[in-house]
Amino acid sequence: MILARVIGTVVATRKDDRLNGSKLQIVQPVSLGDMSPDGKPLVAIDAVGAGEGEIVMICAGSSARQTSRTKDTPCDAVIMAIIDSLDVGGRQVYSKSQAR
Amino acid sequence: MILARVIGTVVATRKDDRLNGSKLQIVQPVSLGDMSPDGKPLVAIDAVGAGEGEIVMICAGSSARQTSRTKDTPCDAVIMAIIDSLDVGGRQVYSKSQAR
Amino acid sequence: MILARVIGTVVATRKDDRLNGSKLQIVQPVSLGDMSPDGKPLVAIDAVGAGEGEIVMICAGSSARQTSRTKDTPCDAVIMAIIDSLDVGGRQVYSKSQAR
Amino acid sequence: MILARVIGTVVATRKDDRLNGSKLQIVQPVSLGDMSPDGKPLVAIDAVGAGEGEIVMICAGSSARQTSRTKDTPCDAVIMAIIDSLDVGGRQVYSKSQAR
Amino acid sequence: MILARVIGTVVATRKDDRLNGSKLQIVQPVSLGDMSPDGKPLVAIDAVGAGEGEIVMICAGSSARQTSRTKDTPCDAVIMAIIDSLDVGGRQVYSKSQAR
């Protein structure tokens, strides 16, 4: 899985029926160190109610359909966790409570 | 999922039977900011009736078979939504009604 | 899906049983504009009887097992259509009948 | 599969229910020669009880759901083995017992 | 599928139960022309009994679980054929019997 920051939303009226009720978020992958942007933004279905600015975990591919929110939907990327903290090499490199 | 612009079509008479009746569109991935071309064009099956020039959402991999149009077909990319608008950082960066 | 040109063949006597009878083609991905080589060649199972030099459509991943030829086989890339023509921006950029 | 070094952990309270009880490790892919960092770190669910600093094998995609730990979970990367040793060209390039 | 040369082996005692009895080979992807190294080495489960130095075909993703050896195992890459020969543009670019 990768980590990403929620940076925006997508609105689409005309879409496959199975997307009805799904929230489409734009997420920016981040570096697992200083949490800076790293890679291209993508669109993910939100299964946990994430808010803009939060660091989230993205599951991609067929496994993106394994949440109750995304089961049997045309979804190749899902937000399935909101990150509280990140430790690398015994040092905390991110804490949600201390993030701006 | 990624966003892309519909830029063309593919015609193929000799093909796997399960593709019969499917419209094959050429889509150009775009940047989720200024909507400029970003990455290589690909071919996707159209599940929502998109027209040339429209910004669409592409679902890839096994999840591309989760629309009623693409179920059980050899399809690794499907157009499953037409984008109305896009907000990044609280600012609208794309609106279909205002697009040229 | 991507488009590619058939450029060669692979022979393998010792292989998984489910590959018996499958034709293994070498395909060179091409640019969806001038049809020039673009990316690394790969090996695909031929489900439509393509010949060397033809432009074909490749389906990758689990969807490559959705043709009758490749069902339940260890196959991650299949040739599932032979391209007749390609239109980009209202202009025909490829026509099989006019190709050399 | 790829090899990677366990370098950290992720804590997430708010997450899809099926992740409950799963340990989320941060892993750094390594070169299969001198075992130096090679590529971007990612998050994987630990199915074998790996510790920080150990070299592990990562299985990605839908196959990441094939361990008893990850069955039916939104997981696209799993730690499914701890590496004892690695031989390349008849020479041992890594041995866990001799690693620092 | 891609072609690769078998260059080594991996030993792992602590692993998911479903890997028991599987041989883990290190394979180096090769160019489909002069068969020189091209891309990063990876680990694959051997389903055909390949030996070091042989050119093999690798199937990746969920299709890697379609051999009898890898069914229901956490495996995202499998060796499922040993290559005898390769023709590109009507010219034989590789023959196992003439390889060193």
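Brief remarks follow.
The letters A, B, C, D and E name the chains in turn, as written, and every chain counts its residues from 1.
FYI, contacts are C-beta pairs under 8 Å (C-beta built on N, C-alpha and C of every residue); 3 or more make two chains touch, one makes a residue touch a chain.
Remember, it's a predicted structure, so these values are computed and weren't measured experimentally.
Shared contact partners of chain A and chain E comprise D. The set of chains touching chain B and also touching chain D is given as A. One finds 21 Å separating the Cα centroids of chain B and chain C. In this assembly, the C-alpha centroid of chain B lies 34 Å from the C-alpha centroid of chain E. Chain contacts: chain D has residues 61-62, 64 touching two or more partner chains.
Taken pairwise by the contact criterion, the protein chains form one closed cycle in which every chain touches exactly two others. The ring of touching chains, read from chain C in the direction of chain E, comes out as C, E, D, A, B. Listing the residues of chain B that touch chain A in their complex gives 1-3, 31-33, 38-39, 47-49, 57, 59-64, 66-68, 78, 80-90, 93.
Within the complex formed with chain B, the chain A residues making contact are 7-19, 24, 26, 40-44, 52, 61-62, 64-65, 72-77.
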